[in-house]
């Protein structure tokens, strides 16, 4: 049995996630969309905290909210004048979008609901200790991620190179 | 590997290909072509003689000169060769026609490339006839198909692009079915747990394709080869293709390539799947019977010389498949004789048509007439070809058709005999269209006075024509020899389908 | 009331669907990118939730999310670079106008 | 007998054909003519030797002296093509009464024609016709084929040479190939006979399927010693038994054997120009006249008769088949005679007369029964074949001489030539008398035998055939008078008057005239009978005369004379009688003149039905349906390709939409299917 | 913590060394020396390829607790890709040395090598996290490469389309992965297979569909293919050729590994049928679109889509024979397609023309180019004696090896599609050899590197099939692989 506080926190977070997501994709002001995204990401971080993944929540705030959204805002400012509203949607597009989104919801939702263990499972376990996280990140055994860590570093280097070469004017 | 004589049937054309690549002048190309085709002719004659000697010495193996060299070991694919009388007959036919075809294209544009493609085609043809491994067989089969596209497309006339494309696609469509059925045969080529094989002889020996699978694979195999054999209703590539092809290509195509279809039908479809062949023969019998009559009737109203011959080929090749389906020794022998005969005479036809077309620049029989007076040699050649086609005794058509008719009529089933009579009726229709075209083209008054200044055949054209006429007459006059050569393959012990009948 | 796993999964799924909807309907390429972020984020939530509810003894889901955040960052950076590039060329980042090549 | 002579008989004409055909254009015309004639002369001598040896040597392999029965001797028989161990086409030489007789006939007429053509095939100034060598080559080819046909030991050999004579006939009819009428005539001849041959072939197939043999000797005779056979009804009836005990002995109301025999007879009908397959023969007169004499009067056209005679014991087994032969023959005889009365072209008249006379032979075969005078009809038929060959060749050669002199086939251009061309006149008259059946000319005896045999079978057909005989006499003399009597044409200035021809042409006329006078006295009854049995104990020059049945002979003689008188009255001088007769029965005359519109009917069938209703629709079907289906497939692919191009809209949002829907469908459908 | 496990990754490490050397060369060498970057990289890569052939195969080794695995087959497919990349490098020399590329030459090579590294990871990854990183490494830098032609608008458009769809696709893919994780509790392939057991449920099916969609995107299977044509057309030719062969080859192999190793036990129930549908759609739609194309690159894009369908036939058989046939097919496809792109690139570099109509009468002005193109087309169409025939034949054989009637029908459909494909391949041949129109392209002499590339590819087209060594050794490697241990 969940405590009332937990349920209230849960409700707020969930509501924030849903509302912000919906608004992020429906608002006609692009800068607002970025802002709603930011809130959605914050809400996600809150969810992580609620699920006792504090490290992850911190990373979420730092990288996503702190990094990516800033990037978005910069690029929005670079590519459009503030106050630019996007034109009203063609209904055909909207219908297609709704069909896509709802069928996704239906199919994936059904597949989740149909699995009893998904419906009934309750949270357990504890917040992973920072030391464990560090060890796992640098370890080579089962459940340890040195190799992906190295691999993603190469990827990030490549992305930097790619970003540079594209962004360069000539 | 190189001690096997059969390999040289592939090696010589390949050497010729290399030779052409090095040639710098038309003269050199001709030299290589003539030398090579003579070598092939000599080789096949030598093979014939040697084969007869071996057989007379009491050699009773199903195939002689067999050799087998591993190619793709994991799939047990071999380069397996071997010949029996039928293959030898086909090899002889091919080399004669290539010989004649070389002379018939004495003055073609862009000669080097022309001959390169032609020889690639020949490689495929020879390879097909010497192979007894289904994979290599199929490979050579396809090798023979594709050069047609360029040969027709580049050197053809009329709606050549359309025709070349249609021909290639339809034949490839056939080979799609064929490929599937060959692979299917492979996976049923040995009893459970046995070593699967592509080798025709081994598959026949294992006899492990169940009845159900035969029912599934046989029609695909037969249709696959049947498309090349111009079986109704898959024949429409033939008229257009032949009409647009250059002379030597028409010769080779109608003369040899269409034989690949019939040959494949009996060598693979009937030979490996005798049960289905017996049970399903009636379906194809109807189709081929229709081919025979239908082709002949269609030929009656055509006005283009090549179309007439193309439809007549449909009729004659239909006869080949028709006879193959009769599944008795005589009819099958007749089918092979018909292949030989049709190959030679239709090559002769197309050679002559090409030569006439080269002079008059039209193939419409309504625009020509009285050519006999202007070019007597070609005219006489044409009459002889026509007579061979309508089955005049002493020329090859007669012996082939009679063997087929007599053989088919020996079938114990009434249905087959009635269809034989239907097929027989083609001899009348054939006479109608042959005489119609001979009458319009060669006889009567000269239609176009420009034609009066035309010349008769040149020496190379004569050589080409005479080679073919002599061959046609040789079969027509000494059929027993060819019959003897072929018959062994169709003894009931070897050709199981006959035994099941 | 027990907050079972499905209570977490469904919001995440809705988030994902919002992303899908946004991708298909938005015109501004950056808005599309925002939608993509939503989708990626939804995936992250899924991993975390599964990890917490079903397999609390391990950290696989959490680590996947950790790396996925990094990947998302890299993707966004590169995508924004490309979009800005397009903006330089055509002064326009309406995705509907990016259809010179078709059929 | 050693096979050397027979082989040479066959090989020589073939060699001549090859030599003249391949090298002819390098030779002078004269050399070619001499070579051809000499070759044929040699062949004739050899054939005479062989034939006389057969008839008169008394060799035990040719005649059974005790039973006075002539035997069949297979001189050689070489395998040519083995279909199955039992069904083998052999090329051989069968010597028996009819083949020996035909050897003589063919070589004689052929030699005469070779000789005659030396003169005929050039114009008045001695300039050779173009293709003279070719002409001789074809003649040799024909002779070879015809000889091969008559000596065939098996039915397939016969079929082979049957086709070859057809082809050489085609070549010779179309000799003047620049003339469209000649081309179409040759085409017609070939195709009509080819159609008949289809029946022949099917007949052979049926016969061989049940009996397992092609050999005549297996079908109709028993072997008495090696290579020597005797005609036997027993063999034929055992063949009949094979059919009767087969799985399906009856087919559409007739026994299968009957069907086989009738189909084989159909082949004979084609070659022998029996109605309704006769239409090619009148047109075949487009060929050079010597050719008409050789092929279309004396030899090839009797092949049908020969075929039936060859299989006669089998025909005897099936009454119905013989009935059919009689009916077809009788109708044809009458029809042809009617038509002959109204034609203008002398060769046409002769052609119809030929049809009529061959029909006589057919009828005669059809009425022959062993129980009536040892198969008198059979003998009569062969006898008539022999005599007819002589006098009809004579008539044709005379006609040739006339045409050569006048330059036209139409007798209206001739009239009154008896003074200018006396030799031709006399020989033609002899021919007419012979065909009209005036004693003692050849035709009288043979026709008389036929009528006797017919009477022995059925009175109705006897009266019918007698009437035809009368018609024969009438139209022949009509022709005779119109050519040689009547009002003479004026010779236009600057032209020579018509005159007799060089010796090469007159000599054959004279020889044949003499033969026509004497041939009737040949004691055929002792030489040629259906089972080889000699009819007379002993023979002398007057045997035939003595054996006449005067009750029949006098009537037929009377009919003939009456007919001739009628012709004399009507045509000796120009008078209005013919015109009156014509106006009396205008429709009959018109139908006869237009040959009862057979040609038009055939035209309708071939052009409207075969071409218009079968070939054209098939070609249409092929082009638009079969080919159209293939092109349609290609077009469909193309169309579909265009129809779905919207998928690649260029809009990235649509791309992901399809992506998403695709993925969802993939999952959803699989899930639904599985659960 | 056993860092020596990195030694199992010889090929990856070798590749990274090449990458670093190029990076250092490009960063620190004087400007003049930069002209030699292309040659330097090519030679370096040649050495690496050779070394990889010689020392690359260390047998079956699992490292990082099963996260990474290499085996004979893995090193073989990497070597095959290396050969392809080497050819691409040779062919792109002229383009890379061009004016436009002065500033970006080194970056081009660096990105290319990183994407190759990503593909290596895809091939060897036995853990989904590593796999995803590999997948992203193989696609994100490519997006940058697609945008390399700064002067062409199409290049940017292509980059946008590629980028957006790639990210979308990876989101869907990861969604599927999250489901898989939820079901099995692990991202190790081996554990997933163990945990999933053999019972299936809708969640799994949907997850599988998402996973297939994600990898199918890389392979450009219909309906996940729509980016392909636009990107191929827009990207610089060298990048297109790289994209069309190398990335496809790696994805195909990885696809097989994932399906077999994680979901092997669901083969006959679930994904066999999914693959049937995808294969039929891919081959047919690819062909139908290819018929109409005039732009050669776009044309080859659609052709490559249908080729991907044929490659999938090797997976659908789900056995060693299929693996071998697939790898062989990839090898042959690399040579054939690169020959075609070689010609296109040579002509584009010289004249800037890429339309099929520009190729009219090419055989008269540039017979060797036309001949190479024709051979490439024949090989792609599967005409013997060129290698394409053998690869097609073997892949059909391996598929039919599975034995059900359904697979016969599938193969029949594929075979019928070869007729359509033959049609459009012949259209190119027709333009070059048959079309009577005036040649659009004047006679020219292509650069040494281009000719070298063409010689290699044409040589491959001719030799790969006839010489059985290649297939035999691939088959030998495949037969020894343990990939199929889990197939149920």
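Letters A, B, C, D and E name the chains as they come in the text, with residue numbers starting at 1 for each one.
Going forward, contacts are C-beta pairs under 8 Å (C-beta built on N, C-alpha and C of every residue); 3 or more make two chains touch, one makes a residue touch a chain.
Fair warning: this is a prediction, and the values are worked out from it, not measured in the lab.
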Common touching chains of chain D and chain A
C, E
Hey, how far apart are chain B and chain C in touch steps, shortest way?
2
Sort the chain pairs by how many C-beta pairs are in contact and tell me the top one.
A-C
Top of the farthest list for chain D, CA-centroid basis, is A
Distance-maximising chain from chain B - centres being C-alpha averages:
A
Centre-most chain [mean C-alpha coordinates]:
B
Distance between chain centroids, defined by C-alpha means - chain B, chain D (Å):
37
List the centre-to-centre spacing of chain A and chain C in whole Å, with centres computed as mean CA coordinates.
6
Note: chain B sits from chain A at a C-alpha centroid distance in Å of 70
Between chain E and chain C, distance of the C-alpha-averaged centres to the nearest whole Å
27
Touching two or more other chains, which residues of chain B qualify?
169
Sequence positions of chain A contacting 2 or more other chains:
93, 96-97, 100, 104, 107-108, 111-112, 118, 143, 145, 148, 152, 155, 159, 162-163, 166
Two or more other chains touching the same residue: where does that happen in chain D?
634, 645, 648, 650, 652-654, 656-657, 660-661, 664, 667-668, 671
Which of the chains touch, listed as pairs?
A-C, A-D, A-E, B-D, B-E, C-D, C-E, D-E
Quick check on the complex: what are the chain D residues that touch chain A?
653-654, 657, 660-661, 664, 667-668, 671
Within the complex, chain E is touched by chain C residues 16, 19, 23, 29, 32-33, 36, 39-40, 42-43, 46-47, 50-51, 54-55, 58, 60-61, 63-64, 67-68, 71, 74-75, 78-79, 81-83, 85-86, 89-90, 95, 98-103
The residues of chain B that touch chain D in their complex are 166, 169-170, 232-233, 235-237, 240, 294, 297-298, 300-302, 329-330, 370, 372-373, 387, 390-394, 398-399, 402-403, 405-407, 409-410, 414, 417, 420-421, 424-425, 427-428, 431-432, 435-436, 439, 442-445, 479-480, 483
So in the complex, the part of chain A that touches chain E is made up of which residues?
107-108, 110-112, 114-115, 118, 138-148, 151-152, 154-155, 157-159, 161-166, 168, 170
Complex interface listing, chain E residues touching chain D
160-161, 164-165, 168-169, 172, 200, 202, 205-206, 208-210, 212-213, 217, 222-224, 226-227, 229-230, 269-270, 273-274, 277-278, 285, 288-289, 291-292, 420, 423
